[in-house]
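Each of the next two complexes has subunit A plus one other chain: subunit B in the first, subunit C in the second.
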Partner chain A sequence: MLNSLLSGDYPKSRVLSGVLVAILVGLAFAPFLFSGAAAINTAAKICIFIVLVASYDLLLGYTGIVSFAHTMFFGIGGYGVGLGLYAFGASWGVLAIGILIALMVAVVLAFLIGLLSLRVRAIFYAMITLAVASAFLILATQFSEYTGGEDGRSFSVPPVLRPGFRLFEAPVFGVTINGRILAYYLVFISAVVLFLLALRVVNSPFGRVLQAIRENDMRAEALGYRVVYYRTVANCLAAAMAVLAGAMSAIWLRYTGPDTTLSFAIMLDILLMVVIGGMGTMYGAVVGATLFIVAQNYLQKLMGTASAATEGIPLLPKLLHPDRWLLLLGVLFVLSVYFFPTGIVGRLRGEKR
Partner chain B sequence: MTMATTSTPAETLPSVKSDYLPILLPIVLAAAALPFIGNPVTWVTLTVAALAMGMMIFVIASGLTLVFGLMDVLNFGHGAFIAVGAYIALSVLGLLSGWVQVDSLAWNLMALGLAVVVAMAGTGLIGWAFERVIVKPVYGQHLKQILITMGGLIVAEQLIHVLWGGDQKAMALPTALRGAIVVGDFAVEKFRILAVIVGLVVFVAMMLVLNRTKIGLLIRAGVENSEMVEALGYRIRRLFVGVFVAGSALAGLGGVMWALYRETLTAAIGGDIMVLVFIVIIIGGLGSVGGCFLGAILVAMMANYTAFLAPKIALASNILLMVAILMWRPQGLYPVAKR
Partner chain C sequence: MSEPLLSLQGVHTHIGQYHILQGVDLVLPKDGMTVLLGRNGAGKTTTLRTIMGLWQPSQGTITFDGRSIGGMPTPDIAQGGIAYVPETMAVFADLTVAENMTLAARSGPVDAARLDWIFGLFPALKKFWQLPAGVLSGGQKQMLAIARAIAEPRRLILIDEPTKGIAPAIIEAMITAFAELKRETTILLVEQNFRFAASLGDHVAVMDDGRIVHRGAMADLARDETLQQRLLGLSLDAHQ
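Then we have the complex of A and B:
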């Protein structure tokens, strides 16, 4: 049972297993364990980013492709759901059609970009995706009559997911099961299913070919695998998964806009999560996303105290200012690329590559 | 191998075929834009603006393309040098506020010149450190290079926030460089003329260094085939460090110009223009300075014309331009680096 669920890819480390189980339990019972809107928001964000980062890891860690257009697909998912619900009202049908259209657009776009640039080297692909993603961001903000521009669009979700909805009259374990909690569980279950699916993909024969391409594309080609074909399929798969993450994000936030889905800052966040968590390990996505988002929310408070404590020493308070939390993570990122390229998970597994 | 062939190399070496076709592209593009824009006065203004912007993009992109051609290193952190250069110039101009505010071209240019020299020295130095610390350990590993230079960009941007503060800064032009020169119906902003002059000087100087000096010869040879240059006994690494430093300094210069052009400054200033710089490098052909120059002008023209005709698709039009050129010449206008 567990073997087929995890596709035979166990964490292979006691500490890692412990951490993963803790994260799973924490996320699964988040509405009951933590009180307050902030905590459940953090938990939902972690779920969404686990999917997004896992899909990016499929590209970066498993296939060895650096793409900067991943937020574009994330945004397509968000906008597909958001604009659909905004324009045609809140119903499950609209939601499904929105996701479907977003999926089709994203896969076609991923296919075209891949066709144009995956034949050549990694660096070309990185540059071209960067340009295309920037253009997409500008288009999305410029055509404000359709997309809401910089402000984005707020919309309502189907009634079952609204805060006013009650599943039971009486509270369960002291928590009222309202639409928000149902929405959270929708996001959580989607995340679990998509993550296991990603695990299935990378541990399939297809995933092995991707890893072969990452290690040595010439050799993979010589062995008879069409590298361009595999890279393009991986690209389309990752794009589709990012679209679903975007849709989850839109459903949870009931809002979609350039800053939450398309901005380059999010692309950098994803990059940091993948690398710090561990490239080429799906569990790295879980650890990386959780660590990063928890740090984003709680490291700042810690740094605030540290900054206040070092008052009077030149420069140090500024370096420790809460807004500079990205500086610490940036340094951690650079160090992890050098010293433990397989990230936290690779370290815990004791792999040497 | 006979004595005759070695004694008269001029006859035996085949002359390099000149390829003038790409040079026509900007002219064709400018001519094609005229009927759409209609008004010749607007057209001239837009074209001059495009040339000025193109020069700035060229100054920034030239170093990057050489670094890539020479050592197969693509620095995604190049944008950091743009921002650092601009911030250093901001500080220097702030110290020299007396020279900047007086309405005299000589004093203004002196202040600006000093700011540029300090900015270039600063970014050159940082470039040297960046190469030693960040790039050196990951030679030959593209994936890591992209990641590590991106990480360097994040750290550099955050450090700028620490040193100069995160708020948007105003970058005022020196008094004598404000406004426009009016000739008949045509008005041309003074700073744009200065930008074009600086860009042309950089281009000509670069061409002279590359084509007329020993170091230039080695750089060009290194771009074509670095292993062969190493086999002949030259230390390509040392050459590469020099090119990296020069490229960083040029990015600093470009950053100063770009910030003055926009007259505002944030730590993310590099990010906006880097997208155009990457498009330019791809269009020009990785490693080619001439292609980079043409590409910069083409991209800037496209950006300015579409900004006037259909502002919403300005950047998208440049991507279409890139796709069109890659369909015509998949390696860029002037393919140099054969890797």
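Then we have the complex of A and C:
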């Protein structure tokens, strides 16, 4: 059963297994374990980014494709759901059609980009994706009549997912099961299913060909595999998964806009999460996304406490001031790349570079 | 000589500004092993890579089993029944030995009887079946690269310097394996180790300066030291 669920790809390290189980339990019971909207918001963001980072790892870690257009597909998912619900009202049918249209648009775009650009060298491909993603960002902000421009769009979700909805009258383990909790579990279950699907893809014969292409595309061609075909399919699969992550994000936030889906800051975050977690490991997406988002959300608070605790010591309180959290995050990133060049998961599995 | 399996006629290949193959004429019979000899830089590896479509010929024709394959994409040539073993111990280091073999069997899992036959040729592969190929020794990697080429029946295998940097004990094992392998399939072998080549080859072609300068039976060249000196020794002297 477990073997089938994980497609035979076990964590291969006791420490890593422990970390993954802790993350899974933490996310599965987040509404019951942590109080407050901020905590459940962080948990939902972790679920969304696990899917987004796993889909990017399928490209970068498993196929060796460097793309800067991943947030574009994330945005297409967000806008597909958001604009649909905004324009046609909050129903499950509109939600499904929004996701379907977003998936079709993203796959066609990914196919075209893949077909046109995957024949060129990696650096030129990266440049082309950067240009396409920039163009899409500009389009999304310029067509403000339809997209809401810089402000984005707020919209209603189906009634079952709204805060006012109550599944049970009485609280369960002290928690009122309202529409937000149901929305969280929709995001959580979608993340688990999509992650297991991604694990299935990379451990399938198709995934092995992708890894062979990443190692040496000439050798893969000499075995009879059409490299452009496999790279294009990987591009489409990763795009589709990013669309679903975008849809999850829109459902959770009840908002879609350039800052939450299309910005290059998110692209940079995805890259950092993949590198910190470990490229080409899939489990790296879980560890990288969790660590990064927890740090992003709680580092400031932690630094505030540390700054207050070191009051009286020269320089240290200023260095640990909450305003300097990005500096500390940068230092932590440099240290993690230096000490874990294969990422945290790679290190825990004992892989050497 | 029986009907040719592969023939190259007046093949020229340019790599950037360099004119490497300058009119290669080569005919491979349908069975046995043909050895391609020559000094470093004579164009042996480029010949194999041109046949495989990894370099495109700028002139000339390449015919495989009656069909022109010059200029065809590499995957089509591979699917047509030609396997290529490069000289660089070309395994996929991050994949296990088992995954390397599965990758080579494009039509499904490797046939059990065939796998037993391959294990008979290269017993080390069975022992390290579930290990990443990257941890194998140089000789074991070379065995895996060859085993991968024969995971499915092929019409022709192009093998580039399999003994390069390999321990003598492994070379002996390779001679035994190749002797059996050539009974099943046609082999074009590029080799610098003359003793290895002479013990296995049925036919020989010698290259120099991007052209074939001698073709004949391997046994004749192995017997005739004067010819060896003229073709291989003289060639070396002239370019050192």
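In the analysis below, the second predicted complex is superposed on the first by the 313 of 353 C-alpha atoms of A that agree within 3 Å, B and C clash if a C-alpha of one lies under 4 Å from a C-alpha of the other, contacts with A are read in each partner's own complex, and residues count from 1 in each chain.
Simple rule for what comes next: contacts are C-beta pairs under 8 Å (C-beta built on N, C-alpha and C of every residue); 3 or more make two chains touch, one makes a residue touch a chain.
The shown structure was predicted, so the numbers you read here are calculated from the model rather than taken from an experiment.
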Checklist line | Partner chain in contact with A:Asn216 - subunit B first, subunit C second, else both or neither | finding: second
Margin query: Applying the document's definition of touch, where does A:Ala126 land relative to subunit B and subunit C: first, second, both, or neither?
Written below: first
Notebook entry, point to check: Is A:Leu316 in contact with subunit B, with subunit C, with both, or with neither (first, second, both, neither)?
Noted result: neither
Next item on the list: May I ask you to decide whether A:Arg226 touches subunit B, subunit C, both, or neither, giving the answer as first, second, both or neither?
Entry: second
Item checked: Which superposed partner A:Ala39 touches (first subunit B, second subunit C, both, neither) -> neither
Item checked: Partner chain(s) touched by A:Phe264 [first = subunit B, second = subunit C, both, neither] -> first
Check: For A:Gly64, is the partner it touches subunit B (first), subunit C (second), both, or none of the two (neither)?
Finding: first
Margin query: Tell me which touches more residues of subunit A here: subunit C or subunit B.
Written below: B
Check: Just subunit B (first), just subunit C (second), both, or neither: which does A:Val334 touch?
Finding: first
Margin query: Quick one: is A:Ala135 in contact with subunit B, with subunit C, with both, or with neither? Answer first, second, both or neither.
Written below: first
Check: Which subunit A residues contact subunit B in one complex and subunit C in the other?
Finding: none
Margin query: Quick check: in the complex, which residue numbers of subunit A touch subunit C?
Written below: 205, 208-209, 211-212, 215-216, 218-219, 221-227, 280
Notebook entry, point to check: Which bits of subunit B are touching subunit A when the two form their complex?
Noted result: 68, 74, 76, 134, 137-138, 142-144, 146-148, 150-152, 154-155, 158-159, 161-162, 166, 271, 274-275, 278-279, 281-282, 311-316, 318-319, 322-323, 326, 339
Note to self: Under the stated contact criterion, what part of subunit A meets subunit B in this complex?
What the structure shows: 60, 64, 66, 116, 121-124, 126-128, 130-132, 134-135, 138-139, 142-143, 264, 268, 271-272, 275, 315, 318-319, 321, 323-324, 326-327, 329-331, 333-334, 337-338, 341
Notebook entry, point to check: subunit A touches which residues of subunit C in the complex?
Noted result: 52, 54, 73-75, 78-79, 83-84, 86, 90, 92-95, 99, 102-104, 106, 148
